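Common to both upcoming complexes is chain A, partnered first by chain B, then by chain C.
Our next item is the complex of A and B:
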């Protein structure tokens, strides 16, 4: 059944039903604003709480207590008057706050007074030799299968990379009876020292105890190789082995599945295509939107909450969602804002939720050799462009990612730069001796997700067309 | 710091780059000033049509001059610009439209132009097998084709620089003034002086002309384009419709570019455009009707370039009517890409020789200032 939006205009449209979006939509609707929540997935939860209403995993301890927090958020949303549409792909948003959304193969246009983007994070590209081989996938993709279908690897499996999600996934796979042969930890040794000054905040954060016990749980069952400085996948048309260097020693092991993960970065495509100003974040090594304390972006009426506003994790995302929604309520219906928790209270909650983040960002800052590839390693999967191709184009005059399109079509394929954008920026910055901020990023264009020509042809005619017909 | 050069070209579109390159070929050392980067706007993001077909008569001589350069573009630029020549076809969707085509071709023939050729339904079907069966014919210009606009503009810029052009990108030209027989232009902390100034600033050129006392009726527009995913090869020539707003081109890699002149809302000061999806949906419907093979293709991306359109739809090209050493090259009104190579060559002739064999008389800025027409230029 196709469920089109009930109205053409809303006070608030929230895009994405992860922690930030769920909290924002519930808050906005509770305050009486007409609220529409559009989400691409089949049910609420986003990535962190994926399949929260439908997961076949019933033993709560297997996915962990943090996962089930999502159920309460969904509960409050359902208790509110927010209109919620799933399988709804927003493919265009502009500075007039006009939104185009595809639902069940049909597109509709809605207009908002305020838009709260809660489009979350993407996994950072991990462009090592062989990363495009079948048999290599991201940890996030593996976790999606685990949460929605309780599917875990049963062949020879290696997980490589770093970051909290890597350990969480490993623990979840093991609890569900899956197989992991080895974990290759790529955390740079120097990062431990760099992170030390921030350790106190981390020790007193909720991440600490949970993170530590999860790592202990995994290390008790799986061989963990730390200090990995080189990593390559190889095979003839299919992954066959993983080769790595740790402590100066190279080892090659046969594998069926390699899961890669080196952290997440804001999913910026929709915000950038709407014209929201972003800046390079030198700690998190990604583009983050320029926002005020309430999450308002450079485009009037567009706020951003959750990991799309800069990686902060699920707890921070929930609070950021409430802050952005409260700001929308203050702007549109000040009188009803009194019902909601005070902004000052929310900001204290946010500071608490963000505690320890700098430590994690510093510790898990990926090493250059895993972000900036060389030689024949593929950078752009869609157009099969290698690192060498990019450098050759720089040598004959390509100055930034947009100019590179003219030489190599990078970023012009179906992924719209999601899988290559950061790599291209950092690679070109290094080659040209400039900062990533100076090099810039692809100018992103709608449709942010492809739609079929037939679907576009079927949208309701514009006023001009209708008038032309009436006039005959 | 002030640099003396032979000419100052403002605007790094295909026109400014081509003029700079041809000035170098004539032995001059120009500076090219571009506020963004070469090809940032219309020149880099247009449909890439290399078209003599369906042009306004006053610009046909320039278009023909340009076509000869396009056909040897690699010789000029050491880059093929992905130029390919499968012709361009204007499709008549009914007998009424075909009659208009017939009259047009007759008019051109009477003027001595033979590049447009009337075709019947059978020839149309041979050239464009995928077109709807009901179309009775059209017009073909067989030497026409298409090129990659960003690649082309970039190649012109690169070659111009190799031949001696000083390129300044990322800072706008400002404080344009004339004193002591020279044009002076500031670029950030630098300043350039030259006896010649070429205003090739595209959508921003009208402001420059007006500031120099030559206002013209020009508006800023942003024609939209969209490109599809790869579909099996089904069409070679560029196709445009006589009646409805549509142009259509399949590239070697299978992607299909859909254009036709529906407009986005430009924001010139932000260098941005806001797309009008309801108009793009109209284009999608036209393609859906005419090319059933396209129905399952996906739209990958849509965009719009910011450009200048003159009230009379033909460019402003030639010397200023008021100032010595000032030349205008803008207002190409959504059809300037093909003209770029030829216009640069002709502009260099005007600057270096004081005249050209190519007929461009109807394109001068004096057409908007009748009072200046026969008067001697001042200053």
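Our next item is the complex of A and C:
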């Protein structure tokens, strides 16, 4: 089924149907603005509310109350006049707010007065030895299968890493009857002290009680090894064992499935390709866009909401979506903004939703050895470039991620740096004694997702377009 | 590696993996159906031929690349299964004409 956008121009185009995008599109449409929501997935929800309208997991308590909140957001969106297209991959966005989107193998072009990017987050790369072996996946991947297809691990399964998602996933797998043999917690001991000054805000946030009860639920059923300082996967063409060091002792265990997780980072590709300025965030160890209090970026007309604006979690994403949409309404149709919750109210909501975040960021700040690999460990999964390859290139003159492309093709495979970019930046920064900010990031360009030449060639073109590329 | 929860009551959808009939469920992505099939569905990479399986399942890693109904390099994790869909495990680069 192919469903092209109904119009060529919209007041607001929202990209991504996760918590921020759902809230932004509903708010914008409710205020009477022509609104288009484009999303790459089969249905609404993004990652946190994945398959919210279709999940085969019918026993609601297994996914938890926080998941089902997503159903209300989808209902609000459906009650609005927003046009929604799924399986729509946006591959270009520029400073003129022209958008190219691939739907069912054909590209369509729309123009927006305002764009709200709600492209969310992806899991931080976890470049350990053997992380490309079949049988090694992200924790988020397992959660995606659990939510959308009620699939759970049933072989020997190890979950390794740190962060709230890891515990949530473990609890959900156990509730659905899946198997977990061991959890390897890589949280650095020193982080507990570093996080202490921020503990009060966290203790008084809703995360605290929920997190604690989830950890208790999991620890009652699964062996948890804390203080893991080294981690490696091995096998011949298929994961066979996991080796780790905890408390100075090495242990190797046979395993069929290893699920890795060390937090999430903004998915920056579309925003960066549009020219949105990003800065290195020293606490969250990732690139975050430079935004004003309403989510407006350095490119006029483009706002960013949700985790793509800096990791804040689902509750904050919803509020950021509403704030960005209200700002769009104020800019385009001020009179109708009165219908919406006041900006001051939304900002109070946001402060509440972000409460405790600094504590989580500090406690679950991933350790250097799990972010900056060495030796034969693969950095760039697509082009199969190792840490040693990167360092050798630095030794003969590669100065940053963009020069490195010419040496090793890092970031030039189909994932376009999504799985190696942060690693390359930090690895090169360390090797050259510079800050990640000074080293920089890949220069990203459209198409931000691969499309076929046939699809490009089929794009309607006028005489001027042909003249621009044909000689003579 | 993965099993289906008994509460899953979705209707079956028949797909073909390298010509062999496989029972998927309505709403599965191609990658989820492959991982649930208990078959060896490892692709091999274009660069070294190393075996891989899907890693992220959310459209960012491209380790799920697969040939679907004759079109190569599709992201199996964002394409839903359909009755009669023909899936080929991709070995190496996408072939010309596929």
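By definition in this document, the second predicted complex is superposed on the first by the 461 of 472 C-alpha atoms of A that agree within 3 Å, B and C clash if a C-alpha of one lies under 4 Å from a C-alpha of the other, contacts with A are read in each partner's own complex, and residues count from 1 in each chain.
Keep in mind that, in the parts below, contacts are C-beta pairs under 8 Å (C-beta built on N, C-alpha and C of every residue); 3 or more make two chains touch, one makes a residue touch a chain.
Being a predicted model, the structure only gives us computed values, none of them experimental.
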| item | value |
| --- | --- |
| Which superposed partner A:41 touches (first chain B, second chain C, both, neither) | second |
| Touching partner for A:95 - first (chain B), second (chain C), both, neither | first |
| First, second, both or neither for A:414, with chain B first and chain C second | both |
| Partner chain(s) touched by A:450 [first = chain B, second = chain C, both, neither] | both |
| Which superposed partner A:290 touches (first chain B, second chain C, both, neither) | neither |
| Which of chain B and chain C A:406 touches, first, second, both or neither | first |
| Contacts of A:152 with chain B and chain C, given as first, second, both or neither | second |
| First, second, both or neither for A:267, with chain B first and chain C second | second |
| Touched partner set for A:51, first chain B, second chain C, both or neither | second |
| Chain touching more of chain A, residue-wise (chain B, chain C) | C |
| Doubly contacted chain A residues - partners chain C and chain B | 413-414, 450 |
| Partner chain A, residues of chain C touching it in the complex | 1-10, 25, 27-29, 32, 35-36, 42, 45, 47-48, 50-63, 65, 73, 77-78, 80 |
| Chain B partner contacts - residues on chain A that touch it in the complex | 92, 94-96, 98, 100, 109, 275, 396-397, 399-400, 402-403, 405-407, 412-414, 416, 445-447, 450-454, 456-457, 459, 461-465 |
| Complex contact set, residues of chain B against chain A | 37, 39-40, 44, 148, 150-151, 153-154, 157-158, 169, 228-229, 270, 272, 274-282, 284-285, 287-288, 294-303 |
| Residues of chain A defined as touching chain C within the complex | 40-42, 47, 51, 54, 56-59, 87, 122-123, 132, 134-138, 140-142, 144-145, 148-155, 176-178, 237-238, 256-257, 267, 381-384, 413-415, 418-419, 450 |
